[in-house]
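Below, each structure is written out as structure tokens.
In what follows, chain A forms one complex with chain B and a second complex with chain C.
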Partner chain A sequence: MALRRTKPLPAVALAGALGLTLSLAACGGGESGNEPTAGGGASASAGGGDDKCAAYAKYGDLKGKTVSLFTSIVTPEDKPQIDSYKPFEECTGATIKYEGDKSFETQVLVRARAGNPPDIAIVPQPGLLQQLVSTGKVVEAPADVAANVDKFWGEDWKGYGTVGGTFYAAPLGANFKSLVWYSPSEFEEKGYEIPKTLDELTALSDKIAADGGKKPWCAGIASGEATGWPITDWMEDMMLRLSGPEEYDKWVKHEIPFNSPGPVAALDQVGAILKNDKYVNGGLGPVKSIASTTFQDGGLPILEGTCSLHRQASFYAANWPEGTTVAEDGDVFAFYLPGKDEATKPALGGGEFIAAFNNRPEVVAFQDYLSTDTWANNKAKATPLGGWISANKGLDAANLVSPIDKLAVSILQDPQAVFRFDGSDQMPAAVGSNSFWKQATAWITGQDTKTSLDKIEASWPK
Partner chain B sequence: MTATTPAALPVTTTPPIAVTVNAAAGNAKNRLTSRWASMAAVVLAVLWTIPTFGLAVSSLRPAADTRRSGWWTTFTDPEFTLKNYRDVFSDNGLGAFFVNSFVITIPSVVIPLCLASLAAYAFAWVEFKGRNLLFVVVFALQIVPIQVTLLPLLKLFVSANLAGTFWTIWLSHSVFALPLAIFLIHNFMREIPKELIEAARMDGAGHVQIFFRVLLPLLTPALAAFGIFQFLWVWNDLLVALTFAGGGDAVAPLTVFIANLAGTRGTALHLLSAGAFISIIVPVVVFLALQRYFVRGLLAGGLKG
Partner chain C sequence: MSTAEKFLQMGLAILLFVAVVAVVLLVAGRFKGRNGDRAVALAFLLPTALALGVGLVYPALRTIYFSFFDAQGQSFAGFDNYQQIFTDSDQLTVLRNTVLWVVITPFLATGIGLLYAILVDRAKFEKAAKALIFLPMAISFVGASIIWKFVYEYRPDQGSIKQIGLLNQLWTMVGGTPQQWLLNEPWNNLFLIIVMIWIQAGFAMTILSAAIKAIPDDITEAARLDGVGPIGMFRYITVPSIRPALVVVLTTIGIATLKVFDIVRTMTGGQFNTSVVANEFYSQTFSADNQGLGAALAVLLFVLVLPIVFYNIRQLRASEGR
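Now for the complex of A and B:
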């Protein structure tokens, strides 16, 4: 209490001034950080005849221009992403301001609605793209980008970047979900063959169950508020295999009811594996343990030899503990989840799309760069640890390091393969990221197929 | 303490005649210092500390262990490493975000403190028409949940060209803090005897002099209490920073960094505990250094509504 009368005031002023100085210093730092890049870019392009920059000549000199990019891709996947922009930055002089946030999906909508969107957003779901387009802030993709997509992707992918007949977003990366992880050494030792049809897969499961007295499959679906999503992938895979891509599309668009015979058969087929006491949950417990095991842990029993098969996307490669060799002759690898017969090759996957909120020349140039084969190959080279693929047909598989990525790309680029995007990502949020997850979780813990699908059908927004 | 004891009177079964305040105080003292009460306090304290302790243990465990088993298994199978801390600092550039957190927090504490103490003075000691109504309106703003204000506020900031700077975060934290700050400081000011102010006025002091020379020195505990309160709130805030710091890493605080630490697909959960522990240090230091003001100031302001 016995403070001198004026003491608080200077302290307050000082603290305020301190805050201000710090912020000014921060601003100054940011700007001066840009200079060298811009300078370097100018000298590189001034050099002319430089092979490295030939592909970027059409973008002109973008020295001093900044493109802001907002994405859900954070550590550790952000580093290769940022590195893959460097050739563009060096050759054109533009700066890419990268901002990654795990809550991207809500924040990007908030920012679009508030009129503060980034120049470019990497949108991981077609459903979110539709929401963004409905804010009226997304600009149509330039003609060059559309041409690139026609050339390097195809109708199926282009369709996912199109909203209401207008093409907005070019695909970027992809992930491949129709994979079953296994232990190559175990398969060799016991003489198991990689199955080529669904029936062979069932036969293999029976054989493993009969052989070692262990349960062949392991799974985990816990994932915080998204608990249940791995089952939606399972069901989509089975839907594609049992009913075919056309009916799959109708199901996703709700042109057939969620509880019609096709989806019922698909979920029952999943149940034949995941709700089969003889098949699951290898190394983890009874069927119900699937619900309490995190999806990250779901496949780990393969390493301990207490489980043989685990269906999960290509990105699961990042999930094995350090020191695990992911290769055809390593500790773990994956095979393609076979189709109904050898002739059909449905491929379930996901991917990101590039939505632009601005058509300044530098934004258009960067958008164009991202849709080229040049970028796809740069990205592959910038990802020394693997774990990234794209369905871009210009991507040279030789640039990919990890065997699992090569496998995934070979299937995606296979002319026989029919690609379909993850269905739950396209459904309305009330289903795709709510009731579908919740009912899938209830289903695995005991609810029957009909009740579960009836409830999802009832939750579909009218 | 003395203010609370009369309330305890009806509960006591001692003869109703002439129960002195002292006896009641002694009674209360006996009850509070009983062996059972102490034990209950210790048990509560231990229970309360377990999660933090678990966090500390987790942050020191190797990544593979964290993935496989709970932190309590370390008691039977101890294995510790500092790798998580090294990773958080070196690979992920925590330092810059740490500085950002300070740059955000200090003005976000100072701005509402300055404005609120001036406003509280006006509400407490300046006579003007509609004063009480205005005071009620200001405090009623406390009821507005901040979630409903996020989008409109961001729109305002965007149209004022402030988006992507620290100003958005400073201003929004200040705005959200003001109603409670004004209320607390106003109540504290009202407790200061009127005679003191009148005496100063007789000596020829104006509002400015009264505020700076008479009231401000007396207000220190209240200001400190609210300062800590606001500091903890701003330091730990994620929502406001996430919504308003739409300018990339340059303006994002530590909480945003930590939220992203686990990685795109949650493959680096082991880093989370180390990051969280680093973030805890600052509020703990601030709280320990100023905790006596915290309790004193809050009690002083809050009891007299």
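Now for the complex of A and C:
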């Protein structure tokens, strides 16, 4: 415990000027369709003759070298990831061995402790990164990667990848969490307005409940071992709205107790919606059904018209069934979960980081590639359906096509917006990936707010 | 590692195994005479003892050692972890659930298996009936859990939404409102235990059926001539005759139940107050990053299994001595 305590959590810097850019990927088909086994490309790039491979020339010829990569990104989101590595593989001749695992969070720790880590891991939580660093197996980021991060990312993002003053992990992708999904056609038909404050959101919920006799909100928190996590996002959003970013930072760093008035008010505000029998669970059952509905299914009743509102991050775009149009005039879209008043715009988000366990030249080269604007643009091209954003400033914003990604970026770039990284992802594992989830689940199935928060406070590592 | 490399590694491992066995046999063969017997025994036992030491004794001692340390395994924590298991309300729920499992599962599974074995004994359709109840044994715990998760599946009582879970469909047909079987405490534990019984009853039935068939005909005939009825037959002839088999079945299921992990993990993940010691050990060690408490739970599990194992060995000796 002593070890853990001396490691300060990453400073959550202000990110009003977060240069979040995005891109779309209209038709990257032509380029990514090339054969990955283009051995000729490698020699050509080494000779510097091929224009397409010019950006990769500095990595040299890595033919026959393999980099293993371990991640929690699985089907269907893995395809854009794998496709975005292809230009690197083609030009350098290296092979990226991609391994996705749903229980990545526990397995990567087991592998690191057992001395069998991958070359590179895509770590979705700063808290997990700290645990990995404490195993002593993570290697410091190479100077080139640090330089890239200084160039393309804001200081706050570099902070999330830093443990104990040493910079380890470059940011990769990002997502935006303060969104409420709805049906644009239903809103138009019934004359509902998109709410601009929390009070208006409550008024809208009441109106929908009174109008159709249906329950306006739907939610699902079941997610295997991680059951309960959507409620942590809810609570973080409300914490930012009711107590403000400064108290939010203190809460995340445990400078105020987990069961102090601020967090209690935030969870009660969540309860005013999620534990309200008049509001939930549209199309899914009573309040308790939130606990047994998977988070993937949580918003689907919107399509059936049995539910109107569902709060979930931008990545939920990938969960709608094939053929669903995600746009302002489509089947479903999302609006910004409003602040307490129109003047404040807290924005909650998350992201992934690249941790390396090895500094062989090919691993360093691949790490470098992932931290460049070249990769960010390749990833954008490899993601034709959208649902991916990055805080990399080198990303060409002009390419933006997916409406939901555009919306996320427009909110993040709003000068009023105050960005904060997902709080539970930064807390120690005993809280962030255990007691917070467990108590949130117990809370939704009937436990009161005070007991739940008292138990989380008690579980914080001393 | 490519597939070819994996096969190469496997081939090397097999070769190594053959070489070790060859060396052991060669060494053992060189000893002759009266004292030679001991040396031969030693030569055969040594590799096994070595493997057991490395693979079982050392990890066990290390786990016990770690259970006295804090979450990170850095500083000595005394009996704090054990104290937490017996005082923390969540951990007490885990213990309560484990007791529920151990008290209910072995007796119910054995009871059902015994009843079934007696009922189908020498019946016309005996083989088919036995195969039917034995089938779940062939299904993995995770597979069985997924099957039963569908049985317990819940859909709300709203509009035209139809039930897709068998249990809720039957329940609504007799006029009930759909229930979230895996959520409602404390009954959800029983719905998990049913899965274990479903799997283990077949095992109990097979062993007990074989034991019943081994009862000598002259005993049953003599009892019948003395005018013993079916219930008396069961009470005074069948049960005492198959007592050793009963003990083996009860203790085997008891140990399997103490270690139950897959069912809880797959069906509820330990949520809704359904966690048991083995599951809690996993989530504390790997999810919560609390090695100390995880190790303490593992030691507790070991201590709980010990009396059953001792009892089993004593029974085995007693029946051999007879």
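Details
Heads up, the rule we're going with is that the second predicted complex is superposed on the first by the 405 of 462 C-alpha atoms of A that agree within 3 Å, B and C clash if a C-alpha of one lies under 4 Å from a C-alpha of the other, contacts with A are read in each partner's own complex, and residues count from 1 in each chain.
One rule holds for everything that comes next: a contact is a pair of C-beta atoms (placed from the backbone, for glycine too) under 8 Å apart; a residue touches a chain by one contact, two chains touch by 3 or more.
Since we're looking at a predicted model, the values are computed, not measured.
In the superposed model, A:187 makes contact with neither chain B nor chain C. When the two structures are aligned on the shared chain, A:72 is found in touch with chain B, with no touch to chain C. Annotation for chain A, partner touching more residues between chain B and chain C: B. Of the two partner chains placed by superposition, chain B and chain C are both touched by A:110. Touch criterion met: A:461 reaches chain C, while chain B stays clear of it. In the superposition on chain A, contact is made by A:296 with chain B only, not with chain C.
Using the contact criterion defined above for the overlaid structures, shared-chain residue A:100 touches chain B, although it does not reach chain C.
In the three-chain superposition model, chain A touches both chain B and chain C at residues 1, 3-4, 110. Contacts from chain B toward chain A in the complex involve residues 63-64, 67, 91-92, 99-100, 102-103, 106-107, 109-111, 113-114, 150-151, 154-155, 157-159, 163-166, 170, 212-213, 216-218, 220-221, 223, 242-243, 246-251, 256, 259-268. On the side of chain A, the complex with chain C involves touching residues 1-4, 105-106, 109-110, 131, 134, 224-225, 227-228, 281, 283-286, 288-289, 291-292, 306, 428-430, 433-435, 438, 441-442, 445, 455, 461. Residues of chain C that touch chain A in their complex: 70-72, 74-75, 90, 154-159, 161, 178, 180, 182-183, 265, 269, 271-273, 283, 286-290. By the touch criterion stated above, chain A contacts chain B in their complex at residues 1, 3-9, 12, 15-16, 18-20, 22-23, 26, 30, 68, 72-78, 97-103, 107, 110-111, 113-116, 118, 223, 296-297, 300, 315, 318-319, 321-322.
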